[in-house]
């Protein structure tokens, strides 16, 4: 079992990241992902900066849609932790059971057709090569 | 090279699917994916019915967002054909270069954190187990 | 481009493997896979011994079925070389277009349901835990 | 934990699928996969129709072989639920311990050679491009 | 649950492999991986010979580095057993917490850039095609 | 085809990253990966900062070993661009043909045993759960 580093036991470098997570997310809760990454502070800091920029900065893609995309990738890779945490995040941002069902249907179908395209070794249509 | 079956050479069963693709998508163009699947008509019919239902029927998730999800899965699986065809479909539905950049950033970050979660074998937080 | 090592240019160690491939498969043809692995003779020898034992030794699973399984894995992993070479091998052992279509349908469906099971985080039924 | 929907609590739409599963498989038992998909009835119905057609309709590939292919894909993707359920199905259709061992050996070897082909970037032999 | 075959219950063929594992690794302990593979003795023998040659024979790559590579692959594939066993092996060979953190950072970054390269469909630079 | 952004056509933000790549790597050459990411400057900047930190900052893992790990991941994921570029980088740092052969052997074997562990659903040994 990976050691999970609590705020009380953390170095100043790790605490600074935990503080920024709390401020950005407006919650006291630090989830286990960050407590595990804190075993290697540069990875904690860099990963948090990446996720903060990718998931929480202004952009064209809506925050809930970003979570749907995250779930689709995590389901495709079979990452239990990420499926659990991002499904919780998506529900907190308003994902309904119906939307989750549609998301699973799209994700499943894409995984199916990805393999059909592999197996039949289908040449890319000229008009798709812009 | 997989044989691509043209409308002129297709059986009635295959033509019926091609006709429905044309009507549903409001275009004369049948892309190579369907012409390849036509080598096994039950797979052509079933796959089209699945995609039509999942990608084109009414639902909570917006049609453009469905394409973004499809691309995220296809990029994760490394399916060149599917990346090409669904990127074209997403652009036709309004995806900007900026949105594509954001999509790639999210997809890349998710693939990174999926592996960090695997490697650190992080236990799922109790509050994520609803 | 990986250097492909021809029989004429091969060491005795590599030639011994090429000779055994020719005898076992009853053909003069050495395909590019082996010519590439010959860059590292221990990997060539070990990989050939593995494939010979797994694909060509007596067993309960029929030789053609072994090829179908190989294709299903290669399609799932998106390995173009392996899809091409094992599809050719399967056709040489009698795989029809119809059987290939069924194989793709099963492979595609399995990839779809694998992700549905991931996404819904379905607990394994007690009766499946023997 | 995903809610598993029992027959007693199911809508008519879901019950119709459960009834067809029972009739097709000639068993009262509905496994958790279907009870989870029932949270999104269109996905339940469509996935069942796909599996019924792909796994249980007449075809050239033997029903036990279809299960072997399903297991090979599920093992490659690391889907615990699917490995468990399809291994049980294959055993019910006659798969011996010996055949399972051979299946694992083929699946493992294919995953190894898929990566060797990737790493050496081996060009596809002309004769494999039909 | 797969049956784990203990030395006392093993055939002579299996015992010979267990004996060689003990001698090679200089430990009495046989881990569950081998006890599970013992259900199919040819796979046990062949897999052990492969790992012995690949991981324990003389070569240019240092034994600890071989474990780091093994972990990177296992993390990418999400294989819990392999992550656990090879992380233990790497620690026994001297991997520090710091090195494990660096390994995770590299593995995560590679998984991210692999997908960025897929998604942008980047042509390989001429100078990389030697 | 993704647009590749040359230095002459780049914004100041992109040029700053290109300049840092040149300084850090001590070469004028900017490879296509960065020219493609430049289509979305925040992703270019963030990805470069990540790679610079992970691959080029001081640490316990040797720079050549970092490249070997990168290749192992890229081969496992089947990313042609990344295999090509990181194999070139590893050769520039001193990887011999022999070492590449050993790397492929380890990567292939790990992919094989990952699936054997999945398929046999092997429980993790107590002593591996530290």
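We call the chains A, B, C, D, E and F, going by the order they appear; numbering starts again at 1 in every chain.
Keep in mind that, in the parts below, a contact is a pair of C-beta atoms (placed from the backbone, for glycine too) under 8 Å apart; a residue touches a chain by one contact, two chains touch by 3 or more.
Protein names from UniProt, one per chain: A, B, C, D, E, F = Alkyl hydroperoxide reductase AhpD.
Everything numeric here is computed off the predicted structure, so don't read it as measured data.
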Going by the stated contact rule, which chains contact subunit A and subunit F alike? B, C, D, E
Compare the CA centroid of subunit A with every other chain's and tell me the farthest one. C
Which pair in D-E, A-E or B-D has the same interface as A-F, with over half of the contact pairs matching by residue number? B-D
The angle in degrees, nearest 5, through which subunit B must rotate for its Cα atoms to match subunit C is 120
For subunit A paired with subunit B, centre-to-centre distance based on mean C-alpha positions, whole Å: 20
Of all the residues in subunit A, which ones touch at least 2 other chains? 1, 39, 42-43, 46-47, 50, 53, 76-80, 84, 98, 102-105, 107-109, 111-116, 118, 120-121, 129-130
Connecting every touching chain pair, does the picture come out as line, ring, star, complete or other? complete
Interface with subunit A, subunit E side, in the complex: residues 78, 97-98, 100-102, 104-105, 108
Listed in rising order, subunit C residues that touch subunit E in their complex are 1, 42, 46, 49-50, 53, 129-130
In their shared complex, at which residues does subunit D touch subunit C? 1-2, 4, 29, 31-33, 36-37, 39, 43, 47, 50-51, 53-55, 59-61, 65-66, 68-70, 72-74, 76-77, 79-82, 84-85, 87-88, 91, 96, 98-99, 102-103, 105-107, 109-118, 120-125, 127-130
For the subunit D and subunit F complex, residues of the former touching the latter: 71, 75-76, 78, 80, 83-84, 103-104, 107-109, 111-116, 118-121
Can you list the subunit D residues touching subunit A in their complex? 39-40, 42-43, 46-47, 77-79
